[in-house]
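Each of the two complexes below includes chain A, the first together with chain B, the second together with chain C.
Up next, the complex of A and B:
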């Protein structure tokens, strides 16, 4: 018997790295080692990016790879088209111009607040193919699964001539985007403000980086987390007092994340005054996962804070952070190291509490910040604002939320939503049906863009009181609790004064007086700093606020 | 930094407004041209009596805003975007090079005439503050009466919205909304039910007029009245100019779109400062100015530093 020789076709297992080699060879005449001359960026992008590529473009909500995005819109759509863009925060006009010009076709993103009208219009007009709206961790996770990028366009402060990068205080999501691309034979292109001989420190090593280009102007940076205490109202101070007494003190909340509302800024500014008077220093609010909020300065200076881990930097806080090295995560060079992915994970799994503001909440506690006619996405709140089922470690606050004696009973992450019962212009916060449902239909989304689900919310705080939702499994009772603190909104009008009394007796809701708080004490004079200038004074002149926040 | 010019609509006019225009040969030229086209003296156009007519109001608004525009153009100062509220859209179309000033003046004259003769004294407009468009639409639909029709019209700000229709119907809605959440509601000094289906016929007539005009593609993108999109073709501009009179002006969205497109400086052409005030309230980070309030010199200075 003769066995005929079957020619086994040899399968290549290295197609991607070979393709990458060819692509990089195609720009050899245009680049100088790893350095792309600034003026040739468009030409180089036209060769490095192929039609249909998945391109992750760095658009944090603070740092923006603005030179690369402005360059990408200049490529010839005949050469580069049908791109699938992945942008965590759609913040700049050119992010959407890519779709108007026929360069890109599809988008996956987390947050689009600064472009929320235009993206809604483009979805309606069929000009943009919508992938999904994600929370940050989801989007970053998918970069390693089913949204693996072929190209990464990111921003750093400085590079050396080998392509080592210094991202400095605003490291944010850069390492994550680069990692997903570099280790899967994608092409990593970095804009830097300057090339220097020696970096202050290396945040990303050169072996992860293919090309560096010096931007024509420094990358854009927005001071998104600065809240001027001048705008904090007495009602927000009342809410802050209730939060400190009725939640932080009650449950012993030591580790936490704050949203960017004025009510949580008020909490930060009440710690050294009201919090101090309650003898809570060292007992609450010691370990933070938080951007460097200027309003945290008085608490830090008063010795309340042990550690702060940051998602990103904040304009004007650089010198202060360097001078408070014991508190912040800093490099050998002294400047802040931030990391959005790790901070989101820490905020999801490792802290006792997340607290944020909402614009709308339904009778079951589902909350949303969407407005009709706008597609704004989520950002980080839903990651931190839920009870992660994978959690196993029991801090005091987490364990304190255990409500049964079952031998397998667990504690719970504290997820607090704070709102005034009415927004501006008489819009009730508590509503029968969320605008998110309209937006779902308008934008043809599969899932309504709910920010935080009612099942995850443990506490709601309004100017009327606190509802301790975690204490009840009964939907009817939870609804009654919400109605009891919903003021004169349509939901609030449902409540019956008798059942409210019962809920108070059972400790399911608490009014300010139940917490020993007199409404008349909630005054701006309690704030440790009443304006930006006083924050600067607290910082010993180290905080250098951006021009728009200066009033002197 | 990108910039936008805003062109005001009805409501911004005032007696003697054309005497407040910048001292500039370019302005004098437009005024002279207007006198020739209309065969009327400018002095008689903006008297108190004259401004009781919709036609004169629209003529004056266009003349005032294009006069100032010409001063910017003469200095080589061209915005990145333009937008005009209602009749202001004709000034924006001139700025964008879609139609000539002469064509625009003839069109607004016709538009004013058509509007004036469409309805008798029993019609007008009102403004409601403190309710959003969804809540207000719900109420207006609920109270709708075919004999005394009322429609939600211009979205000037998220909670500053106009109503158009029969005076009696408007009065009924005003009374209701005052007791149900509005912070303020009152009739406007306007004798036409603009920007609602009652002007369907006017819109069709205006379309015919526009069909006889030569329109060029915009040199500067225009943010539109009807659906707050950027207009980039002559046909799209024509449709917006014709239809706007029988559709609500989505002004807040039109300006919001410019903000998202990167316009961080907005300058309102004369007369008045209604639009710059709205922009300032909605977008505090935008630098807003008006030629009427800030003076032409300051506006020229700011534009030349964009």
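Up next, the complex of A and C:
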């Protein structure tokens, strides 16, 4: 055995904590204990952040550390440059301004909805170096492995003067970003709406926090999961009826995740009406992993729902949640506790079903919301929308999807894709080749940005019917099944009426009639609430919709 | 729209918090604030836990809330009965005594190594109702969906008198179990080794905790990841050389997880010797997700390792970790921060490679550590040991496993299984049919308890060679590849020397010679440390092995 004693004595193994100590000392004249004065934030950031640092900036599809991002963009690029930014959701213009101004150089992210066009152009122009696209949960995972941050810029509702944090209903990803940074001798800077003497509860202890700063205005919060029932169409209601009958009832789906689509909002609003008429209360849709959707209120009030675990909060739902705390996860203070990491975990491993909408699907069921010229990313859909190979427990619905008698055969997670055969502007949803392949080349990605892979999709629902893809391993047969419900799109035109009839007989596809659904029954009158006002009524006045939805 | 006002006014939506309030009031004469006097624990548990409650009891492969489990077994079954226990690892006799005594009725768990024989018998005798077997992470997920606990019994190092907790190096699953319970108006009871005025750091804030109790002795902690290099054999060294050359170097594996096997301990101990001779430092094995293995010390000291993120701690490694905090995740106090949930997440989504050993493998590569008469469960291997369908980012190693030119083709996680063709007592590892199938029937499981499915395995390493399973989609060819390296086991005897030669030529299998490895070089002299004492020397005396390993 050879140990180089010289080597061992020479090397310091505490370089990060020593650098942190020095960095923190450099702002001692500017800060008051853990508190950064609001107007000194730019100056302080210029000292706390070093060129080349990996900086994780909080911002997902809802909550944004907006004061900190607005401040970071004001630092002097001569002092702070070449940052490697890690941002769940590139939502705000300044997220990309950082790159225009030369403050940041490289980015790793999950989702770029509002900025997807601009980022694609900037990648093409070489103004931004793309690390990679991720789902939320794999980006969080990398924070502990090969993307460990030097600095975290996050948002909370309140802090006390020691730096204990109350994140309130929108806890979301804050604890995970802070944990990765704090326990690796990184610097954690938190914007808060206010500093108070006593917090309603502590979501993150001061041991994990280096600095807090009172923001000039409250952090940005997007009411992303508010869907006005007025916009739900008869076609979406027809699809929702098929989903309830042909999937939830058929397989006994008890635990599930819904996304933000109007299709799934329609399902939520049909449970107390159509679902009730089928006698399904207590048999389906009891345990949910989803944000506090206002459209779920009628189902909750009607006694359909046992529990809801949330990724994040939803503007206007605060009082309703507090008054219905048997249903939600709340702190001792009664306000919602959300946690994006744990909700993604629960949504991947502990629920029977994921259902999502898509903008494009190919003949084999691969789908993507990425369209030409845009680098949109994923969010969390791919995690929940695949069959988790690490799952070992069986629920009835999962086990119901077992199709083989092999002694090692197992069940499958239900992964449902809902689509109308055409989007607006006569664009077919079913296409021969996904735009994602073009975006792969344009953005120089190694892999095409597919949202959900065909191999994982168990059911597709269009206005034509349901394809039970899980029943077939044959690629040719799956293609036929998809064509049979793809309407008059190029893929749908491939279908052969005779083979469609055979597929119906074999139960591989089902039309509404096969499920006992009359198309003429699919009317808006079936919705438990037809507009936001009726949701407020259902909530007994507890739901307080954001101004932009108060148009009744 | 119909709202039954009567229904709305009748129903209480705060039943759980009201019940909790009453329950807590019922112990007011027995407790002092949040502190339960040690000798009153049984009496207090009898009041805090109700018949039929779902109780999550901390206990994984390392850390056990042993005082609380010893106390729970003493409650009066007339007062507390029919509990539904949720335990990650059934490790202690009293975990099953609870069922013998009529205190508990149903169990959901992940792993039952030490108790796997007894639990199998109890299931067969109808003394215990089995919910299901899980991996850690899916069991945690269900705590937020359909296995929400009413009571959590967990362990921490220290508390202050407000109930803030210091879990120290062994944070592990405590925060996750507490979060699921505390934010659903459940009752959180924590055993601590001591109550102090000031904590080194806060790992869990008092807002999440209802009661603490000082245990009669420190919680049990198993040094599960300590492997004495004296027991590493020449065969394991040969396998380790093949792994380094034929997998890590070949694919450029930078981030990885190692389990507790001697095979992987050998890999760790060969990096500073054999790995160094190949010039691989900095090119492979830089970022790790694993417990603080003592056998990793020489690689760390030699500068191979950039970061280690841990599921849990390891007895005796405390001072070493604190002195090497550039490598580990530590709190401000310098002691390790582990987190089982986040480490599982990182191990699933953020690392290139998982490698594990197995006791049995069938001809198609399905493997299990479950053997006849035992219901052992899984732990975390299936989560890390599969190709995560939700992964979207590409590392070099992952992308290197892409085998198709399809525009939607992607890479793959490396899932490596290491096995010697025979276990002790001449039992073949490669078998026609897994014992797991027998256990499925015996324990009335819905699905056979397979640890790693053949479809997920990318490489198998035996003392004969490596099978590069990822290179072939053909079941017949995969079977041939496995047979070619299965020695003289029944499966191995199937192999045809001619086809083996063809497989070698095509690069589908590799023998040591094909990798430039001479079998005669595979000697213990290659190990950077040959015993525990040498590990202590490498650590500069910072590693302090548990007594049972101090036999030099």
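Following the convention adopted for this analysis, the second predicted complex is superposed on the first by the 541 of 552 C-alpha atoms of A that agree within 3 Å, B and C clash if a C-alpha of one lies under 4 Å from a C-alpha of the other, contacts with A are read in each partner's own complex, and residues count from 1 in each chain.
The working rule: a contact is a pair of C-beta atoms (placed from the backbone, for glycine too) under 8 Å apart; a residue touches a chain by one contact, two chains touch by 3 or more.
Nothing here was measured: the structure is a model prediction, and the numbers come from that model.
Within the superposed three-chain model, A:426 lies in touch with chain B and out of touch with chain C [touch as defined at top].
In the superposed model, A:405 lies in contact with neither chain B nor chain C. Contacts of A:118 after superposition on the shared chain: chain B is touched, whereas chain C is not.
Once chain A of one complex is fitted onto chain A of the other, the partner contacts of A:32 are absent, as it touches neither chain B nor chain C. With both structures placed on the common chain, the touch criterion links A:93 to chain B but leaves chain C unconnected.
When the shared chain is aligned, chain C comes close enough to touch A:327, but chain B does not. Listed in rising order, the residues of chain B touching chain A in the complex are 130-132, 134, 158-159, 181, 183, 227-229, 253, 256-257, 260-262, 285. By the touch rule above, chain A contacts chain B in their complex via residues 92-93, 114-118, 121, 125, 372-373, 424-427, 548.
Against chain A, the residues of chain C that register as touching in their complex are 1, 3, 7-8, 11-17, 108, 131-135, 137-142, 144-146, 148, 164, 176, 179, 182-185, 201-207, 254-255, 287, 289, 298, 301, 303, 307, 309, 323-327, 329-332, 334, 337, 339, 341-343, 345-351, 366, 378, 382-395, 399, 407-411, 433-434, 436-437, 440, 446-450, 453, 456, 528-530, 534, 537-538, 540.
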